[in-house]
Amino acid sequence: MTEERWFQLTYWPLLVASLVFIVAYSWQVIADLQGTAESIARGLIFATWIVFIIDYLVRLWLSSPRGRWFRHHIFDLLVVVLPPLKPLRLLQAFTRISSKRTSQGTALRSRISVYGAGAALILIWVAALAVLDAERGAPGANIETFGDAVWWAFVTITTVGYGDYYPVTPGGRTVAVGLMAGGVAVVGVVTATFASWVLEKAAARSSDDDEPATRGQVRNVARSLAELTAKLGEPPAK
Amino acid sequence: MTEERWFQLTYWPLLVASLVFIVAYSWQVIADLQGTAESIARGLIFATWIVFIIDYLVRLWLSSPRGRWFRHHIFDLLVVVLPPLKPLRLLQAFTRISSKRTSQGTALRSRISVYGAGAALILIWVAALAVLDAERGAPGANIETFGDAVWWAFVTITTVGYGDYYPVTPGGRTVAVGLMAGGVAVVGVVTATFASWVLEKAAARSSDDDEPATRGQVRNVARSLAELTAKLGEPPAK
Amino acid sequence: MTEERWFQLTYWPLLVASLVFIVAYSWQVIADLQGTAESIARGLIFATWIVFIIDYLVRLWLSSPRGRWFRHHIFDLLVVVLPPLKPLRLLQAFTRISSKRTSQGTALRSRISVYGAGAALILIWVAALAVLDAERGAPGANIETFGDAVWWAFVTITTVGYGDYYPVTPGGRTVAVGLMAGGVAVVGVVTATFASWVLEKAAARSSDDDEPATRGQVRNVARSLAELTAKLGEPPAK
Amino acid sequence: MTEERWFQLTYWPLLVASLVFIVAYSWQVIADLQGTAESIARGLIFATWIVFIIDYLVRLWLSSPRGRWFRHHIFDLLVVVLPPLKPLRLLQAFTRISSKRTSQGTALRSRISVYGAGAALILIWVAALAVLDAERGAPGANIETFGDAVWWAFVTITTVGYGDYYPVTPGGRTVAVGLMAGGVAVVGVVTATFASWVLEKAAARSSDDDEPATRGQVRNVARSLAELTAKLGEPPAK
């Protein structure tokens, strides 16, 4: 079995596993489950984790050479080691966005915008769950409800940082560091997308004659010249 | 009637409706209206809303194909659903900025600067009104005067976030999230405009001979070559 | 007298006036002058203001057409209306930075870095003076010493915004808004300069043969072709 | 002895000196050493400082012309004057990253990412040590443990700035200003790297024929034309 075939076979199961994870985790944290319900939620979360670990190991085993695959899939390893990143898998559902747009640049920018916004929202939701899970009940903690946790996540990812809510436990702070790094990346992606648009507009020429010459054009000239040279090389028609 | 004709007919009425909205909303919130005066202000705001909804529906009805128009006018739908965004219509008043500038890049950059600054100021003003409307009188709220609300909006859109004022109600926090997103976009636009300027300067060549060859140039060479080939194809003058 | 001549004549006097302004303003605010000393400092500040107003009016009068000059020197008008911006004149002292660098892009980037760092430091110093001037003694104010004011200015211009110090008076907040806008611009300039460097490096080709063709090259080809055509048009040498 | 030779000879000794510095400094600050242990740690730190000063002086002495070397190695001078920057030397260990990647742009971007992340982590670690060293025990200080100092450094370098911890001593604030400047630079580098990637993708043409013409191509055409001209210049074959 090839890696490609495995990828197609596991597309839907992994998407469903991501959804199960996010629903079970949200349910466990928001409802602050105790007893049997908590066990069920934790069981579901653990099951999705096993699914992702198996998928990673099978893909590593199918790939060749393995060292190269490992180096090029560091992010997949991160998703396996850090379960809260699993919902980022849901972004794959957007892969089939139609891209019948005017230019390639525009198509790329709309795809980046959709992916960037989707990743930011998933990060905010998961970080709010994780920080609430870590902080609730800790001495001196001020993030005590899910509403406050979501608000804190928005304030953090945009790097505003009012300081009305902030984590105080090592676990909550680790989540916060990840979210801040995500915030710097979000600002970077937004800026890069705007910059690409401004540069494309600013470089637009008034007429096609002012565009840079293409390789195809010069190849045509070279071919014409070769034909002329060949003709002149023949003995002149008597 | 075509969509273009409708657009021209409604240009001034919609601009006036945006102005009426912002004046009525500012009056209602800043003066903290009660009784009859509040009813009048709310009536004016509601009337401008009706005007925008009718405009949207007529344009959707006139367009063809409608699915495509809908997808390309998501922002117009947002303005209809979220009335506080209506004043962004005022930016259209800048559409006729003369652009007799030295280069196309410079013209584009001055237009982006004017639009960006205008959009930022309108967002700050409207967000200050909306957050004051949501927060005033709420338990634990600290944004109680319009001056403080404007100051809070500036601190938020630049992502400084001192934390001397911050919203505590769900409504106020929703407004804040929109303003923070606007802040990230403003930083992105400023950076992209600077980047475009730096790149244009850094790429400037010392002489025209060093500029990239244009398509027009190569077309001229190809034409000369074709003429020469045609001439040589004729029987040599006896 | 031409505008160019006036510019050369007033180069040193205006630089000195900027220096006098910043020294007198620093002295007045930091030493919290009272009585005669305050009158002297205020007199010096007022005198430099008069100098800048006269310079602006003379240049407007010498220019032609005046409407165009006015539109292109909005920043000069800002400096005259807002005296604290006068020290930005000191940046002109860097105009003669030698630029014997390897490439034009590198020369441009080092100039932007020097100007950007200089403008940021002047903005921080002047904003610290202005905010201390506005806040000291106001009820509820927390910026009371020059050291705290400088620290506050650094925290604000980098958009960190801890919230340990913040202005509470309308005057202090106006200064803060200007400084935040400066902060967004500083981040934009730093990013744009890095982006220009990364893009130049990433676009570097391995050999000169892979660089885009230049206009000069194609002009040479066209000239050779024209010479050949002219030669063939002559009667063949018998 | 040439500068190049000296550089190779001192590569490993300086790397080890950087490591000794960071271990000794971490030990001294985190364990809050007193008495003999503190003297040993301070002695080690002082020894690494001497090593760096000697290296700088020898390289200045070997270089020619010295004025030019001095201007191009301002950063090296900074490292000597500000000992906490010494661990940045450790980044040199990454110099030998293999770069067998698909394109030059990708290779450059992965190198920038690795360097940027490494520099950010070293800055955070060293700033946390330096700020804890300056703040611990100062009246009114709130950064009292190493965990809080690291958390404060992350919150500062991403420009989030909650304000739950902030320095109050001149020494601690100086460290903070350096870290904030580093934060602005980190955001700039991240954005520039994303922008380079977006621009390269957006500029990718669908076929090689649509790429800009290269200098090599036009040189080939010019050579063919010259050969043809030379042939036609010969007497026609009888």
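The letters A, B, C and D name the chains in turn, as written, and every chain counts its residues from 1.
In this section, contacts are C-beta pairs under 8 Å (C-beta built on N, C-alpha and C of every residue); 3 or more make two chains touch, one makes a residue touch a chain.
Keep in mind that what you see is a predicted model, and the values were worked out from it rather than measured.
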item: Same or different residue numbers at the chain B/chain C copy interface, by half rule; value: different
item: Longest centre-to-centre distance from chain C, chain (CA-based); value: A
item: Chain pair with more C-beta contacts, A-C versus A-D; value: A-D
item: Size of the rotation, in steps of 5 degrees, that lays the CA trace of chain B over chain D; value: 180
item: Where chain A and chain C are represented by their mean Cα positions, the distance between them in whole Å; value: 38
item: Rounded Å distance, chain A centre to chain D centre (Cα mean); value: 27
item: Sequence positions of chain D contacting 2 or more other chains; value: 159-163, 187, 191, 193, 195, 199, 212-214, 217-218, 221, 225, 228, 232, 236
item: Pairwise touch network: line, ring, star, complete, or other; value: complete
item: For the chain A and chain C complex, residues of the former touching the latter; value: 159-163, 191, 195, 212-213, 218
item: Complex contact set, residues of chain C against chain D; value: 147, 151, 154-155, 158-164, 186-187, 190-191, 193-195, 197-199, 201-204, 206-214, 217-218, 220-221, 224-225, 227-228, 231-232, 236-237
item: Residue ranges of chain C touching chain B (in the complex, touch as defined); value: 104-105, 108-109, 112, 156, 159-163, 166, 168, 170, 173, 176-177, 180-181, 183-185, 187-189, 191-193, 195-196, 199-200, 212-219, 221-222, 225-226, 228-229, 232-233, 235-236
